[in-house]
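Pasting the structures here.
First chain A sits with chain B, and in the next complex the same chain sits with chain C.
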Partner chain A sequence: MAVAEIIPPSRFEALGKLFMKRGFGSPVSVAISVLVFAVLGWIAWSFLDWAVFRAVWRKENVENCGHGGACWAVIDARHRLILFGTYPFDQHWRSTLAALAIVVTVVLSCVPAMWAARRLAVLWIAGFASYYLLMEGSLLGLQQVTTDGWGGLSLTLFLFAAVVLLGMPMGLGLALMRRSQMPVVKWFAVIIIDTIRSLPLVTTLFTAAIVVPLFLPSWLDGDKIWRVIFGFALFFACYQAEVFRGGFQAIPRGQFEAGKALGLGYWSILGRIVLPQVFRHALPSTINMVVVTFKETAIVTIIGFFDILASGKTAFGTADWAPYYIEVYLCVAAIYWVFIFSLGQYGEYLKGRMALAER
Partner chain B sequence: MTAAEQLRARARYRRLGIQAVLVIVTALAVWGAVTNAQYNLTRLNMTSGFAFLDRGTGWNYSFSLVERSINDPYSYTLFIGLLNTLFVGFICIITTTIFGFLIGTLRDARHPALNFAASVYVQIFRNIPLILQAIFLYAILIHLGGPRQAVSFGDVAFLSGRGVMLPGLNVTPTVAVAILLASLGLGIGLILARTTLWRGLAIWFGGSVAMALFAALVLRPEGEGILSIPVLQGLRFSGGISVPIELFALITSITLYGSAYVAEIVRGGLAQVPRGLVEAGQALGLSRVSIWSRIKVPMALRSIIPPLGNQWIFMMKATTIGIAIGFSDLFYITVNAISQSGQTLELILLLMLTFLAINYSIAIFTNWLNARLKLKEH
Partner chain C sequence: MTKFLAVGAILAASLAAPQMAAAQSETVKQIEERGTLLCSGHNGSYFGFVEVNDNNEWKGLDIDLCRALTTAILGDPDKNQIVPLSWAQRFPALQSGDVDLIIKATGWTMGRDTEQGLQFSLPYFFGGAQLMAHGDLGVTEAAELAGGTICVEAGTTIERLVANYLQTENIEHSMVSYESAAELRSAYLANRCDAFAAWGPFLAVLRATEIDNPDAHVILGDQLSAEPIAAAMRQGDEAFVDVVNWMLAALLIAEEEGITSANVDEMAATPPNPRVARLLGAEPGMGERLGMRDSWAREMIAAVGNFGEIYDRNLGKDSPYKLERGLNNLWSHGGVLYAPILD
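Moving on to the complex of A and B:
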């Protein structure tokens, strides 16, 4: 008797079957499916109709705007303002390269080959330094542009990179202090972490920008942007410390004791046994924190920085472009969305991969 | 002394040394900050202290739940800011929790269309900064035009660039606040009485509606109906409840953003309910709704409540973006007070203490809720 060949259905086929069964299995499901897809389809169609089919794309055709379609001409005309703020026009290539440096840094950190504390540190410092050198310019012999001249998407990326770079070691420090057996050290960390975490970010930033100068002697004042970055990094560090704490909790006591039994000191146990595992456990939550930080950089617009939100507002700030605020906001939202969504999806993917490894 | 004892003693001294250094450095930093602040304040000719709280402010702001005037002292104005923050925060906590549960349940649903729609919602609203959503929504709303061009919803509710007009009970604001407080009291009483979830909700809802109707029936102005419905008269609406556009935009954007987060929390909680429990429910012949409300949700709540509590705290903090669209929350009032009075340190201190107090209260409440819901093992 010939054995009938049984071919397992492909994944795609199986999903299709499941979809048909669950979505169209009973009259009620069919009704729900039709209704939901009709509404979604209608929304998608109206949006496409407005944003693509009836849209005006080039700034030369701006007189055609306002006839029921999107006016992307405003983006065509003002995209440099949105991306680079008030940075000198002929120097925009520097701003572009600098922003790319940050993006490349973030993308490279997503590659597993880079996941060693030293490599990541070198990568981030290098990325951040190239940003700063390019944007500031005087050290490379280019025209000097001080931080007040920075703006738009470049400034948002700068704040993000600076906060993560500065906040990560601060967070690790706070987490270690919180685990300390010395009561004074521990409570110092606990008070800082819990206080900053219960305050809204904008309060912390406002304090850093406006209130802290009152406490400092004039020679320590520094630039407003650096105070705000420090305040933001403190905020990041306090949340990240809790993420690290979760990572520490996942490590069995036996590992510390094994290290001690071998005669290793505190820093050797930490650096060679515990921290590598902590980082791995904390990775998905850390990515989550990084995503949240990118999103929260939008807050700095409240305390008067010219980030992408503020530069977007300026882009439709003239009488000619004022009616097309929706297009500008959509464009800014899309930029944020692409960054945040892709980082978030990457985090989800890692979480899934690590859950698989744990099994 | 043996070598081991010597080592131990040295380690102890080192620990003491480190802690002493930390204390001394902190003390020096605080001392330095205080002297500098004193020096800077005298240089700017400013007096410190809380005497300014009794002075009149002399400036106006967008929204208040209670009577106010520009001659109110700073203390009262700050109190109004606190009320506004709590008001928006509580409304957002309630709406976000309800929407979040709804969308989270859909995310967990087996039906592909519902699942897909919920995923689209979550991915759009979770991945755009809240402040951008708020400013965007506010910009759209203020461009809607005056009351004459208002969008009408069945001629009882209207949306225009000036605000949202809703039909409401024909009572004074004081009575409305009293009704709200009574409803809140009833809710707390029911929680303390440990009624089951659905019965408790039914009693609470029915009781609140009855109270409101009764109050409106007894306390309405002579010869007018129970309901007050907004009517366009000339250039403005009269009657009904008027919700300022800033308040509406703030609540809507926080709700849209927050419920995407809550939905993910709820989905995670529902996904953690063991399959066996659901299958046991199916074996007993329970309906889908019963399985959801009597097995899945009660089991999931235990893993939902702790992150949900964090989300509630986040909502309270998120009200501070009101400043970006001109809603007079506590942060807005504080910033205005700082720029008008110059009493920076005092006002920031008050602001921080208030937020600490609010967030600790929420944390205590969630811990209590969590302890109450904990699986009771026999």
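Moving on to the complex of A and C:
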């Protein structure tokens, strides 16, 4: 509220005045401000000088690299490797379309108009099926590409979306089981959640990828990628269950009792009274979990998947491009930033939307 | 179920071993049924051995050996599938059948050979500690470094090897150790050391990739150690080990006899001696005894070349790394690579 009082109708003017007053009010502030701006300006200039003015952009000009400027030629030459991993070169359109299908699926799932169980189910099945059909290819009569060949950004997006979309319902299920009155169900959930949470993610994924096939019969093995997605989703679900539990605890018992008194059944109380509030309370931590999960997908490189970070490392993994690893890492960081920043902004939007309910 | 059957088959095979001289390998049978050979790749890049080119295709010394084996078994170098694996994952992945064998810069150690249930092929590469020096010193071997400063990474086996070697050779020196490889590299580049010790192929990569003027640095000829790098396979399929060993042997014999990917057809048509005739399938014997085609070696050499060609393309003079053959030359050229006798 305090800010609203200080800022009169024209916000820019007011901010400018505030800035002058705080930054240049006394000789000491002037000195500090000038020094700070000079240092910031120098840093910004050196970065721009390196990244833009003296940079080499095209792979044809690679011999000019290494003279004090960034060598974006490495991105020009190797961007397909970063984006698609070792997916066959002439089939990259499929990987592009598949990645778009995942992005569209995720974006649509974020739109409030889609928030109905049936619509979401149809959307997710359609989204993941088109990803799989395009990437694998044999069912569409295209060249078959097994999951070992999937990689880069398309793989990272797919892993992320699959883990979150599978893990979210699993997490809700576990949270409900943990609150159950039936001891067997309750203790089952408690044991699962606490066991998985006390194991590092790498161990869980390593077990799913490598240890499980040693004792499962081979017809149950499935492809490594599905086992890994399931293991990762289980890990996500166990943490998410605890986030939901926090949401449940914020709701007074009286609401359940009031619901029962009105003659509503368990599912009606849950679906119409409790869950909407649980989601609202759990939202900030949920967004945290989702963002962390996006970044954690990079761990799959340990079990031999070519996610975007691994394919980035491979991009500078030949003698020609080895000196330009900073450029590759910056490019990969920028891609991560775009996705995670968008997720964060969406979280802000959701918070604003849900704040309406509190008025 | 198939796993249990496989175990059963292996047990039965070991009981019936004496009569099994020419039986086909279980693994080769599976590869033929599948139509692809599953090889190990890397979850990234291991310079010179496993890399990805600008067209998103795998390349490198280890990849070329996989292509050679694919041609030998299936007759087409592209019928393989490179499964990206991390270092930690490679042995479990082999045991669970995700790959048919591991060709991935893997050293032959006693622990792996015994406790881990692996068996190794003939070594195809020897890597060991070597020294790199500034070119303007004009040195070519360690003895000329007398009185100089040698830098190593602290606490590594390299440190001990260098100390041992220089002491045995009675070379006066002072040794400086650095905590990290990055510090070591910058100390060397800042001329604080005359020479620096590390794994040979690593030095070659470093020289080719991170040093502005690669020609100003010399990797000295002294080999301070030699660790054999070999292909690793699951225990219990001796016939498959035979196939892999003779794949490597054929590449080496081809180099000894001067057979290259360019002249292989000519050599097969008019073999200069009986050994070449047998190797290239002009005379029978090469295929039947391994349960394969008589022409497998000819097709393989046509597809990937002989061992020297593979080495030069990926690590040697035709690659950016320019790593001398050294130990990895044929015995007749001062190296330690040799092929078993082709009778």
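Methods note: the second predicted complex is superposed on the first by the 312 of 359 C-alpha atoms of A that agree within 3 Å, B and C clash if a C-alpha of one lies under 4 Å from a C-alpha of the other, contacts with A are read in each partner's own complex, and residues count from 1 in each chain.
One rule holds in what follows: contacts are C-beta pairs under 8 Å (C-beta built on N, C-alpha and C of every residue); 3 or more make two chains touch, one makes a residue touch a chain.
Please read these numbers as outputs of a predicted model, since none were measured by experiment.
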{"item": "Contacts of A:188 with chain B and chain C, given as first, second, both or neither", "value": "first"}
{"item": "Partner chain(s) touched by A:69 [first = chain B, second = chain C, both, neither]", "value": "neither"}
{"item": "Partner chain in contact with A:301 - chain B first, chain C second, else both or neither", "value": "both"}
{"item": "Partner chain(s) touched by A:173 [first = chain B, second = chain C, both, neither]", "value": "neither"}
{"item": "First, second, both or neither for A:344, with chain B first and chain C second", "value": "first"}
{"item": "Touched partner set for A:203, first chain B, second chain C, both or neither", "value": "first"}
{"item": "Which superposed partner A:77 touches (first chain B, second chain C, both, neither)", "value": "second"}
{"item": "Chain B versus chain C as contact partner of A:33, first or second or both or neither", "value": "first"}
{"item": "Chain B/chain C common contact set on chain A", "value": "206, 210-211, 213-214, 217, 301-302, 313"}
{"item": "Chain A residues within the chain B interface of the complex", "value": "19, 22-23, 29, 32-33, 36-37, 39-40, 181-185, 188, 195, 198-203, 206-207, 210-211, 213-217, 295-299, 301-302, 309, 313, 325-326, 329, 332-333, 336-337, 340-341, 344"}
{"item": "Contact footprint of chain C on chain A as seen in their complex", "value": "66, 77-78, 80-81, 84-89, 146, 148-149, 151, 206, 209-211, 213-214, 217-219, 224, 301-306, 310, 313-320, 322-323"}
{"item": "List of chain C residues in touch with chain A within their complex", "value": "1-3, 41, 43-47, 51-58, 81-86, 88-89, 92-93, 95-98, 205, 208-210, 212, 319-321"}
{"item": "Touching residues (chain side chain B, partner chain A) in the complex", "value": "15, 18-19, 22-23, 26, 32-34, 36-37, 40-41, 110-114, 116-117, 120, 123-124, 126-133, 135-136, 139-140, 143, 313, 317-318, 320-321, 323-324, 331, 335, 338, 344-345, 348, 351-352, 355-356, 359-360"}
